[in-house]
Each structure stands twice: as structure tokens, then as C-alpha cells.
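Structure first, commentary second.
Labels run A, B, C and D following the written order; every chain starts at residue 1.
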Amino acid sequence: MRLLPKLGRKFRRWKKFKKSPLLRKLDLLHETARKRAFLETSQDYISRLQAECDENVVTKLRGKTRDQFLYNGTFHEAVGKVLLTAQFFAMMPVRGVTAKHPSSLSFSWLHVRTCCCLLFITSTLIDLTLTIFKVLDGPISFNNIKPIIFRGCILLVCMTALNLARKWPELMMHWHDIEQDLPQYQTQKEKWRMAHTIHMVMLVGMMLSFAEHLLSMISAINYASVCNVTDDPLRNFFMLTNDEIFYFMGYSPPLALWGKLQNVYSTFIWNYMDVFVMIVSVGLAAKFRQLNDNLLKFKGMHMPPSYWSERRIQYRNICGLCGKMDNAISLITMVSFSNNLYFICVQLLRSLNQMPSVTHAVYFYFSLIFLIGRTLAVSLYAASVHDESRYSLRYLRCVPKDSWCSETKRFADEITSDLVALSGMKFFHLTRKLVLSVAGTIVTYELVLIQFHEDQNLWDCDQSNYS
Amino acid sequence: MRLLPKLGRKFRRWKKFKKSPLLRKLDLLHETARKRAFLETSQDYISRLQAECDENVVTKLRGKTRDQFLYNGTFHEAVGKVLLTAQFFAMMPVRGVTAKHPSSLSFSWLHVRTCCCLLFITSTLIDLTLTIFKVLDGPISFNNIKPIIFRGCILLVCMTALNLARKWPELMMHWHDIEQDLPQYQTQKEKWRMAHTIHMVMLVGMMLSFAEHLLSMISAINYASVCNVTDDPLRNFFMLTNDEIFYFMGYSPPLALWGKLQNVYSTFIWNYMDVFVMIVSVGLAAKFRQLNDNLLKFKGMHMPPSYWSERRIQYRNICGLCGKMDNAISLITMVSFSNNLYFICVQLLRSLNQMPSVTHAVYFYFSLIFLIGRTLAVSLYAASVHDESRYSLRYLRCVPKDSWCSETKRFADEITSDLVALSGMKFFHLTRKLVLSVAGTIVTYELVLIQFHEDQNLWDCDQSNYS
Amino acid sequence: MRLLPKLGRKFRRWKKFKKSPLLRKLDLLHETARKRAFLETSQDYISRLQAECDENVVTKLRGKTRDQFLYNGTFHEAVGKVLLTAQFFAMMPVRGVTAKHPSSLSFSWLHVRTCCCLLFITSTLIDLTLTIFKVLDGPISFNNIKPIIFRGCILLVCMTALNLARKWPELMMHWHDIEQDLPQYQTQKEKWRMAHTIHMVMLVGMMLSFAEHLLSMISAINYASVCNVTDDPLRNFFMLTNDEIFYFMGYSPPLALWGKLQNVYSTFIWNYMDVFVMIVSVGLAAKFRQLNDNLLKFKGMHMPPSYWSERRIQYRNICGLCGKMDNAISLITMVSFSNNLYFICVQLLRSLNQMPSVTHAVYFYFSLIFLIGRTLAVSLYAASVHDESRYSLRYLRCVPKDSWCSETKRFADEITSDLVALSGMKFFHLTRKLVLSVAGTIVTYELVLIQFHEDQNLWDCDQSNYS
Amino acid sequence: MRLLPKLGRKFRRWKKFKKSPLLRKLDLLHETARKRAFLETSQDYISRLQAECDENVVTKLRGKTRDQFLYNGTFHEAVGKVLLTAQFFAMMPVRGVTAKHPSSLSFSWLHVRTCCCLLFITSTLIDLTLTIFKVLDGPISFNNIKPIIFRGCILLVCMTALNLARKWPELMMHWHDIEQDLPQYQTQKEKWRMAHTIHMVMLVGMMLSFAEHLLSMISAINYASVCNVTDDPLRNFFMLTNDEIFYFMGYSPPLALWGKLQNVYSTFIWNYMDVFVMIVSVGLAAKFRQLNDNLLKFKGMHMPPSYWSERRIQYRNICGLCGKMDNAISLITMVSFSNNLYFICVQLLRSLNQMPSVTHAVYFYFSLIFLIGRTLAVSLYAASVHDESRYSLRYLRCVPKDSWCSETKRFADEITSDLVALSGMKFFHLTRKLVLSVAGTIVTYELVLIQFHEDQNLWDCDQSNYS
């Protein structure tokens, strides 16, 4: 038995020679290249570790410049400020979102952010209860239940976000591990790209949402000034925008303030849930693109099977990450989509009404276009995850005949047969095809709903369904 | 020619050496492990056989304790009490459902349970005929044919269940054979899991169904007390709930009793058909999970091709079992789904009516939510079979490069290309996507049906379509 | 260079020895079996050829007995009498449909059958023109254009059938070649099966169609006897059933006879087009089953690659045949489906009308149920082609590990990736899923159409849209 | 280490001998055939290059004859005259469309064609603005916004075409490179086929469009002569056809001329966008057919892996080209499809109106049939790209057992898993299945829209929605 290993070793050495010299040379070349790359990565890693250790000192010393230099292109880093903003509106109470490393993340029920969040949830729950009682007092229609749907969605999203916050540190660590394993970008610009997209999405989304809220206030002020129930313009305004509160209780400034705060927060969260889905999509798509960029670099070249095996495992890791994130946020995705679907139907129906004034018209059409645009943006950003995941197939199609091996075959088969995409609780997957079917559904429902529509006089001051 | 086999043998021995020593050692290790496992299984088998032989004695001696110890995790065992309960309501007249081994199962046309079942079928047939005559006497509408649909479905399901009962012993033997061949759980808790889920499904389903029936009775009593046609409250009640009988015949207590029994049995079966589909789904999904749990245990490890070949054959066996069960119960599935679809549409339409009293409202909304919840539960449990069958693919994705062989490839291809799921007579497959399309269909039909809706005064005592 | 072939030969001989003796023995066994089978087939072929040559003599001598003995299980043979029947109704004018061998088939423009066919087409064209003028004279609605659709479809099918007749001899020769190549059944019963199914489909279809025509006549006679326009009951009857003729021309017995003949022929063809699609489906499905029966015989056994290669080529041939037949008849399929869809919608709409008499009601509901049943039968028979083509996959799943080779892999991949089914001009494929979507479409259209429905008094003698 | 390459070489030589002599001979044969083919191609290439160089001289000398002789079957050549025609209508301002070689193509913002195009875009923009103001002045309905949709689509297509013109030279060079690499046709007839189809599509499309425009003018003249607002018949005519201009401005001949020109150009472009999609589809499908024709030539023969590798790469190239063209024109495809969908719905709705005169009826039904026919033609031509791309699979199914290798497997897998088709911005792919779903959508929308329809008196001279 002792001889066998020896024999086996010899045999394997002989097998090596079977390869054509050219191929062997190529393999050697690649191996060398990989080794060098590995060394570089290691050094990079060591230097980064050192950099992270010294960071506290360094940042104090050199300020912003060094920070810019240390851009590492992780999702955690890119999403930090976005989450911080959200925390001002009682969403996702995780500590350490702006820290350099995701290991600093932590969640605690006792932390002040968590308490704020719980407070807001309680407050929304009360508001929702008041709204339900108010709406059930009158006749129920597709149009009238809008405030219930709106506040119900806000509450659901807040609670899901709180639950997500508990899992966030672990998710980010998982994300970080996978990111470290991916082929790294060399330039700062490439590392900065994803963060830039995420910041732009957040900025544009919030800007438009702010503009819409302003217009809604102007429109309400205009409306309140005409239908002046009382002498106090401020009171008129609050009794209009928070009618569910003052339907049961008498007017008092603290209640009005609470109502206003509730409105502002709700509006933010209503927009933020779409933005959040977009941001996660951008992050996942960027990871697939990072892999694809590496595949592009070696497109059509003779690569050893080990190269493909490595890429396949990385691809698999991102798929796993995608599945994990989908499990975590699919309820938010579901709420975001059904919410948008319902609101578009309602607003399109309302568009048949005669507008009472120009202010109303401007607000209404801005709001409608913003709503449709936002829905489209969510759909397309979410679909980009699926698109990017399929993109790798293109590079596999260009593998030369001689390099086509069991590993490439397996890689191609896996991409072909798996459906990698965000989903609404697995009931539907977010791909480009979905956009068309959603549009078709809206048109069909609209055509049917239109038959029950009766023109409402929006200038009627007695109406209770202003919002 | 004599030399050749010898040469061939030598050649094969030489081929063995070609493998790297590491791989060979691994193979040896796995082989040893498998042999040990096999021995254990054999011993387990022998001991179980012995246990089963001695059971009568043993159980007498040690009572419950021993029984608990002998939990074997088969579907037959888990489903025994459920079927026994159903037999009290004239469903599935098979003898030996609570026996330890499926070989004790038998069906006979002469057995008392079969006779009960046939009696109930005859009784339902008469009831259905009376209903049809009563309904055809008035105007026909989407809403009015409800009693026909209800009793027709009951009759169809009963007859299918009778037919299923004839095939049940054979099905359970097949199931048992496949279960014996699967990788066994080691702990009692894992073995107990499936049975627990099945019992919970049955319990919750029946509890809610019982609650609904009670509410329906309270609501009917309330209604009958207001519209008192005669002085006898009991008579009023029965003339309301069994109007199809007393439409043609005069009131008599035996007829009333028959009507009541018929109602109770029908209500049970109406709920049981959904529960039955759920239970079979739970069983099938559990078998896939049993396989997946084994795959999870060896996830990412170097396993010999024989391991994968064995798993593939086991997977194939469960798929075959799934197909067999689908053929046997797909008519029940079909009836259950179309029935639920129709009832949800009718109830949603009725929800537009003004409720005559609080009792009615409570009963109506409880019934509607129960109906929607039940439909969703059936869909999701049935979809879990498909989900679990796809899950194995994940473990195949993690097979290391060196262990990737023709067998793993074949396994992965088979999972990818086959659609393993319960179906409604092969016209539709029960997957998660179906839920959305069913919901979409309900909304569309509802929007169209709503146009023909005229508000009925449910407090009108003359109306004949109470039920 | 001379040495090389010798060396190569030696090498191959040596390669043979590499196989394990068991496998080699198996291969030998199979080879012997195949050779024997081949010899048998050859002898069978020779004897059949002889039998065919001697047939004229033989049949004279022994009558029916010998004929029964010679059942060869070809589609040409099975479909002979069906086509002959159709030819009495001016369809598919091919000569030699009842001949033993498809080589006797021929088409000629000058043959008397072709002339009959052309005559009928001209006659239908005239009838259609009259109908169009009559219908356009009044208001056009979904319901009123029924006669145009009916006669237009008849005309289209007749012309397609004439075109098909030209290609029929070639198609049958192709079919015959493929059938000869398939694994043959050994018993007469198995050979007789397909022919039996085809004959039963034709018989049942024509019986029901005849019954429906009789009922339609009785209903028309009943109607005519009440609304007696003139004293002559025969004249009343013809003026009712052929109103499109007598709308423009005065009544005359020859015209009435022409109208009656036209009616009988149209009714036959209207039913025959569905029956024809069913028959072709039965034929194609039977060929797939013939292959599957062979696969079943060797299920789970160790077969050499040559076995699988042979089966794969046979499978491929049937797929090719399926594609050829689909190209030839897909216009008929399309017409048959859209026609049935339209008629079901119209009849369901009419079912809302109050029936004027019991005769009408019986005729109407028999007609409606027959229509729905026929549509369902066409769908299911056509879908069986697809089902059978997928069935082969099951046997491939059971190929043992050692026999799994490149050929089996290729076979499985081809079955998985190809969609083998009849189609409606490639716009839709006839699978079981189609049935559900057709049913869904009918329900949706019906719900929308119902809104335009106004109850017509069918007892009104002045109405012109009786048919 | 020096010995190894030598050893390796020897080993490979020995490996060659392992092949059976027959196979080796076949390989040799194929190799020789390929080499000869290559040589021929090279010579062909050289001669073509020479021919192209000498062209200017040659054509002057021999005129048309030589030109005919030099037909090279490229898309650039085939599409030249079509693009030239389009340029007369301010579309696609690229220079050099009729040149022999695509390298002569160029785009410049300063060229006169580009200026014309920009001028027309500006003019359309003004027209669209006027139309919007005119339409918004009255009530808005599904029917009334037709002029906005019409002019908006024209504008969008013009701008997309201008953008496409900038990319056209590069696209054509890419196309040319791929065409050079494809297996070449030998006969002039085969080379001429694609160009012929493209010219026929353009000719028939433009003829019908011209006929429709003439009919529209006759109908308008007829209408204007009855509703003579003024004494000047020309003025009446222009005030009818260009009501959006004279709604705001007084009548003046230059404005009328501008309106007329705008109408003619718009009508051309409205038809041309469909024709353009068809032409590109014909081109792409022809390239796939060119490859398929080569595969057909060697169908079922023993070909070396290199043959399949080459074909696979060519197939891949055409797929890449298809993707590139799709990216470039998918906005046009999208506009073309949604435009057609909308117009068919509107026209079908209008078909319920009573036609005021025979001229109107002729124009209307010609226009409707033309519209439906054009939509169907676009769908089917576009679907042919997908059909042809799948067709290659058939030849791969016939590869003999011995020639089945890793390359054929890879080729087959790629065809199976990729969806090669033109698309509407990736939201939907243009396959034959789309036709049915578009038809279903039209029927459904029509059935719903019909409910809002009120018969308009088209003979009412005051109406403003004539067009």
C-alpha cells in the first residue's frame, strides 16, 4: 500500500505533460498572474487593516482628505448616511450606521433611537384607529378608504423596518464578507460609483418628496382660506389636514402639532420605503456588476478552470446575498408595490374630476407624475438586479473552445436556470416584464373603475374626504 | 478469450490507483461511513420489526412511554387520527388507519364505515335534488345558485374520497416503502415534527370551522326569532336552515333532524376537503425536507458519486410519490379551489349589502375572513411542496469543484427541468405564483360582478335565499 | 501510413476489453436481442409484403378473418374509413384512402371527388354571399353575425381540406416510413388500439352531431308549426331554416332542397373539423405512446448507448412528423378553436333568454353541452400529444447510473427543451394549460358581454335571427 | 523540462491514431473542404476588394450589367435605397447610404440633410403645441386625444431616428464585419433575396400608405364640399385637415401649404416607422437564415468539432448584432406598437358609428384594414427573427451520434437558453405568442370601451374632431 501514493504522484506528474505546451504555458502565466494578484490583494488587505486601525489617529491628523482616499466601496459605507437620515424620521434604529466597519453596528431595545421608533409606531397606531373610526362612520368606497390604506401601510413598513433593524448588523456583516471576497476595483472612481448612485437616488427622491409636501401644504392653505370654518387660519389648516383627529376631539394646538408631525413623518416614510427598495437594488446590482466587470476584463481570453470556479463561487455568494436581502425586505417591497398600484388607480380616477383651482391642479398633476415616476423607478431599479445577474452569461458565451470546461458549463447552467431577483414575498419577481403587466393591470382596472365614477365637486367645503 | 477477464480486472485495479490518494481516502471514509450507516439502519430495521411484533405485549406492559419512544415519523402514522376523525363524518372508509403499519389497511364494500359513507352519499344526493328543484323554481343568478354549488361540491368530494379510500392501502404502502428508503432522522423530535404540523393543521382547521358553524347557528336563531313564521322556535330555526326540504314537504321532527345532520356533515366535509389537501401537502413537503436536511448535513463536503446517485434516486422516488398522490387527489384539489374561488366572489359581493344586525355582521365577517384565510392556507401549504422540491438545488450549487460529477450534473438538471407540484387535474399547478393570479382573477371578476349587484334587504323575512 | 489503420484496429479491440465483463455481457445480450428483433422484423416485413401482394387473392379466399389477422397498426389504415366518410360530405378528396398501403393514395383535380368538393365550395360561397347581404341589411351585433361566422368557417375549412388533400399522399408516406421504423407492437390487440380509439371518436362525434341536427329539426318544425306563415308546413320549415335564401328569392322546392343539403353538409363539416383535429392528435399521441411502451419495457435496465441513440432518433422522427402535421392542419385547428370560442360565448349569452318551449329548451341545452363537451374533447385530445411527448422523460429518469451516457443526456435535454404540440398557426400551443386560459377568457368575455344583453322574445314570429 | 514538449507532441500524435480510420478520413476530407472553401472565400474577398476599387471605372464602362453581377448580399446595400427614400422625408440624415461599402457612411450636424431633419422636428413641435392647446380647449376623451398621440409619436420617432442616424455608420460597420464572417451564398439569386424582400416591403408599405392618404384627401374634399364654411373650396379643405393651425390663426395660403406638407410628411413617417421595424427584422432574420442554410447543407453529416465551433461563434455574433440593433431601435419599436394598439382601439370604436357617406365608409374600412394588416405584418416580421434563431436547433438535433461533441452540446444549450428577439425596450419580446396576447388585449379593451361609446353624428359640420 505504501507504493501507491508514490505511483499516484508520478502518474499525476505524467498527466501534466499530456497538456500541450502552449496550454501549459498559458496556465503558468495565469497562475503567476493570480499569485501576483493574490499578493497584491493580501498587501492591500494588510494595508487596509492598518489603515483602519490607524484611522482614528489618521482622520484626526489629515481630516477629510485621507477619508476620501480610503473609500472602500462597500455597501455599508455607501448606505450609511441614507440610514442616518432615515433615523431622524424614526426608521431603522441601528447604532453605528456611519462607522467604517459593519462590526460596529448594533441594535438594542433600550437605545434612544429604538424608543423614538416605538413612540412613532404607537402614535401612528392611534392615528390609524382614529382614521378607521372616522372612515367607517361614512359610506365606504374604493376612494374613501385611501387614508386607511395610507396609514396602514406606514404602520406596516415601520414595524417591518424595526424588525429589519434587528437583523441589520448580521446582514451587513454577511454583505461585508462577500464584498471582501469579490474581485476588487483598483481605482477610487470605480469604488465611489455605487455610493454615488445611492446618494443621488436618496437626494432626488427626498427632494421631490419635499416639493410634493410643500405643494400639498400650499394647496391646503389655499383651500382652507376659501372654506374658512373658523377665524383662525392656522386652525382651519390643521382641521383640514388632520380631520381624523378633530373629528372626535376638540381643536387644541398640541394636538395640531402632533398631527402635523405625524403628517411629515408619514410622508417621509411613504417615500422612503420606495427609496429603500431602490437603494438595496442598486447595491445588489452593483455587486453583480463588480463581478461582471472582472469577467469583462478577461472576456474571450484563455483562463484556467480555477478562474471560472472562483467566479462561480463569487456569483453564487451574491445570489445567496440576494436571497437573504429579499427575505429581509420582501414585505417592504410588497407593501411598496401594492401601495403604489392602489394610489395610481385612485389618482387616475380623481384626474377625471374638475380641479377647483390652479393650485390644486398643479399639486395634483405634480403628485400624479411623481407617483408614476417613482413606481417606474422602483420597478426599473429592482429589475436591474435581475438584468445584471443574467449579464454574466454573455461573457461565458465568449469563452474560447479550448477553455470551455466542466466549470464554465456548470456556471452557465446555473445562471440559465436560476431566477435571481428581488420579489414581493415570492408571489412575484421584480423583472422588466413585470412593468408591462403592472401597466396592463392598471389600465384594465381603471377602465372598469371608471364606470363607477361620479364627478365630485371638490370645491364643496362640506366634504370630508379632502385628503 | 479466457485471459481477457483477468486483464480487464487488472486494468480496473490499475485505474483505481489513478485516483489521487486524498480522494481515495475520502472515498474509503465515506464508504465506511455508509457501511456503518447501513448496519445501523439494518439493526434499526430489525429492532423495529421486533418492536412491532412485540408491540401488543409491550404497549400493554409499558403504556404510553414505549409508544412515544417508538415514534417512527411515517406519514401513515401521522395521518391516522386525522383520517379517523374524518371517518366519523362518513369520509374515507378505510379500515386500519390507526394501525402501526400500513399493511393493516384494507378497504371493503361490506364494512360498516363504507355503508355509512354510501348512506351519506345517497342522503346528499336527495338533498341536492331537492335544492336544485327549489332553486330552479325561482330566478337564477350568480348568487342564488350557491346552495347547488355547495351541495354539489360536497357530493363530488364524497364520491372522490370513497374512490380514494379504495386506493388508499396501496398508496400508503408505496409511501411507506419510499419513507423507509429515505435518510432517517435520528432524534425523536425530528421524527415527530411532521405529525405535529399535520395535527395542528387539522385542529386549527376544525376549531375554526366549528366556531363558524356555531356563529352561523346563533345568527340563524337570531334571524328566526325575529321572523317567527310559527310559534315553535325550533321549527322556525329548521325551516330557515333547511328551507330546501320544507319547501316541498311539511315540517316533521325526523326530517328536521335529518336536515340538521346533513348540515353538520356538509359543513365538516366542506372544511375537511381543504384540510385534506393541506395535510397531503404537508406530508409531501416533509419528505422533501427530510431529503434536504440530509443534503444540508453534507453541504459543501466532498461526497462520492454514489452518495449523489443515492440521493437522486430518493429524490426521484419522492417525485414519483408526488405524482401518484396528485393523480389520486387532484379532483379534490380542483373542487376545493374552484369552490373557494366561487365562494369568495359571492361573499365579497354580499359584503356590499347592509348587514341586518350585529350578529349577522360578526358571523358574516368571521366567515369571510375564515374563507380567505383558508384559501390562502391551502395555496401556501400546497405551494410548499413545489418550494421544497426546488430547495435541493441550493445544496447542489455548493458541491465543490472536485466532487462535481456526472451524477450531480444529472441531479441538478432533473431538479431544474421538472415541475414537481400538486395540481388541479394538471390544468394548473399549485405554486406561489398561482396565489397572485388567483387574487388578480378575484379582483377582476369582482369589479365586473359589482355592476350587476343590487342591494338586497337581508332583513326581509319573505326572502328565500337566506343561506 | 499503412500501419496506422492496423494499430488503430488493435487499439479499439483493446479498448473493448476495458469494459467490465458484466457490461460486455449485457451489451452482447442486447445486441443478440436486437439482432433477433431485427431478423424478426425483417421476416415480418417480408411476410407482410407477401401478404399485401397476395391480399387480393387471400381476402377473396378467407374473407374477414385474414384481414383481421393482418392488422398492421398504421395511421393510414386506421384513418381510412374516417376519411371515406368525410368524402361523402365533400371533404378531403383523395383517392385510395382505404387501400392497405399509403402508396396507393393519389390526388387529381379531375377526379369526381375533387369536382364534388369544388362544387360544394362554390355552393357554400353563394350561400355565404346571400347570408352576408341578408345580415348587413339589418343591425350588426355580436349575436347577429353568427350565420356569417358559421358559413365563413365552413368555407375556410373546406378550402384548407382541399389543399390538405393535395399534400395528403406525401404526408401519409412520410408517416408510414416513420411508423415502420418505430419499435413494433407484437400483439394484434396493441396494434388495433389506435384504430379503435379513432373509430370511437368518429362514431361518438358523428352520433352526437346527428342527434343535435335531429333536435334542431324538431325544434324548427315545432317553431314553424306555430308561426305558420303559409299553409304549406314544408315551406314554412324551409323558409325558417334557410331564411338567407328566401330573403332574396321566391320559394321553390329545388332551392329548398339545395338549402337543406347545404345545411346537412355544413353541420357535418362543422363537427368534422373538430373530429379531424382529434383524430390527428390521437394518431400522433399513439406514435409517442408506441415509443414510450418500448421504453417502459426496458425501464431501469442496463441498455447500451446504441439503444438510446436509436430511440432518440425515433423520438426525433415523431417530433418531425408532429411538426409536419401541425403545419398542414394548423389552419383547421385555428378555425376550430376560434369558432368554438365564439359559439360558446354566443350560446352562453342566449342561455339567459327565456326559452319559448320545452322542445327549444331541450335542443338548446343539448346543443350547448355538446358544444362545450366537444371543445373540451378537442383540447384534451390535442393536449395529449404534448403530454405523451413529455412522458418519455420519466423513463430516462430511471436509467441506472452506469448506463447514463452522452446519448441519454442528449435525449433528456432534447425532450426538456423542445415544445412538441399541435398549435393554432404557432400563435398558441395546445397543452393542458390552454384549457384553463380558454375557460378564463370565456368567463371574462361573458361577464363583459352580459352587460349588453337584452332579453329577446324568441317566440316572436317576426324575428329574422332564428338560426 | 526540455524533453516535455517533445513528449507531449508525440503523445498528441499518438492520440490522433486512436481515432478510427474512417473518422480520420472524414476529418481530413472536411478539412480539405474547409481549406478549399477558405481559399475560395479569400479569393472571393480579394476579387471583391478589387471590384470595389475598380467600381467607379467599371460601372462607367459597363453600366447596370456589371452592377447586377456584383450584388454582394449585404444589409447595407439592401437598405440603401430605402434609407434614401426616407431621407426625402427628413428621416435618418446619414450621408453615403447608397455607397457600396458602409465605411462611406458618415453623420454630421452641419450637413443639409441633418438641417432638414432638425427643421422638420421644429415644425412638428410647433404643430404639436398648437394641437395640444386646441384639444385641451374642449373635453378630453379616449377618442379626442388622437391628434396629440399621432403628432407626439411622429415627433418622438423623428428624434429617435436622428439619434439613430448618429450611430448608424458604426452599426453598419459592425453589421458588415459580421456579414463578411458568415458562410457566403454562392449564387446571385440567394444574395439578392434579402434585398428583394426589403424592397418589396418598402414598396408595398408605401403604396398602401399613399393609397390611404389619397382616400383620406378624397374623403376630406367630399366632406368639405358639403360643409362649405367659406366659398373657397381649397380653403375649406385646409381648414378641415389642419384645424389645429387655423383654430388660433387666420387662414393664409403659406400656412395652408405648411399644414399640407406637415400632413404628408407625418403620414409618411407614421407608416415608415412600421416599415423600418419590418426591414430591420427582415435583415436580421436573413442573417440567421444564411447560417441555417449552411447548417442545412451539412445536415446529418459527420462534421469536425471545428465546424460547429465556427458556426457557434457566427451564431453568437448574429445574436450580438441582434442585441445591438434592438438597443438602437427598441424605442421606435415601442412607439410603433403602442401607437398601433391605440389606433386600432380608436378605429374599432369609430366603426360603430354610422358612416355619413360611401366615400367615408370606403376610406374608413380601407384605413382600418390597412392598420390591422400593418400591425400584423410588423408583428410577424419581427417574430420571424426569433423563429429563425430557434431554427438552427433543428439541425443540431440531427447531428449523428459520433459527431456529437462538447461544441455541439454547447451550441444547442445556448440556442435553448437564450431568447433572441427584437423587443419593445425589453418590456416585451416580439414573438409569435405576442400577437395573440395583443389581440386578446384589444378585444378586452374594446369590450370595456364600447360601454362609454355614444354614437356621434359624423355628418355634423360643427364638430371639431373630424380627423
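For the reader, a short list of remarks on this structure follows.
The rule is short, and it goes like this: contacts are C-beta pairs under 8 Å (C-beta built on N, C-alpha and C of every residue); 3 or more make two chains touch, one makes a residue touch a chain.
Note that this is a predicted model, so its numbers are computed, not measured.
The chains touching chain B as well as chain C do not exist; no chain touches both.
Of all residue numbers seen at the chain A-chain D contact, under half occur in both copies; the interface is built from largely non-matching residues. Distance between chain centres (mean CA atoms), chain B to chain D: 54 Å.
The distance from the centre of chain C to the centre of chain D, each centre being the mean of the chain's C-alpha atoms, comes to 38 Å.
Shown for chain C are the residues in touch with two or more other chains, namely 413, 444, 448, 451. Taken as a graph of touching chains, this assembly is arranged as a ring, one closed cycle with exactly two partners per chain. By the contact rule set out at the top, the touching chain pairs are A-B, A-D, B-C, C-D. Across the complex, chain D meets chain A through its residues 4-5, 7-8, 11-12, 305, 309, 316, 406-407, 410, 413-414, 417-418, 426-428, 441, 444-445, 448-449, 451-452. Only residues 17-21, 387, 393, 397-398, 401, 404, 409, 412-413, 416, 432-433, 435-436, 440, 443-444, 447-448, 450-451 of chain C touch chain B when the two sit together in their complex.
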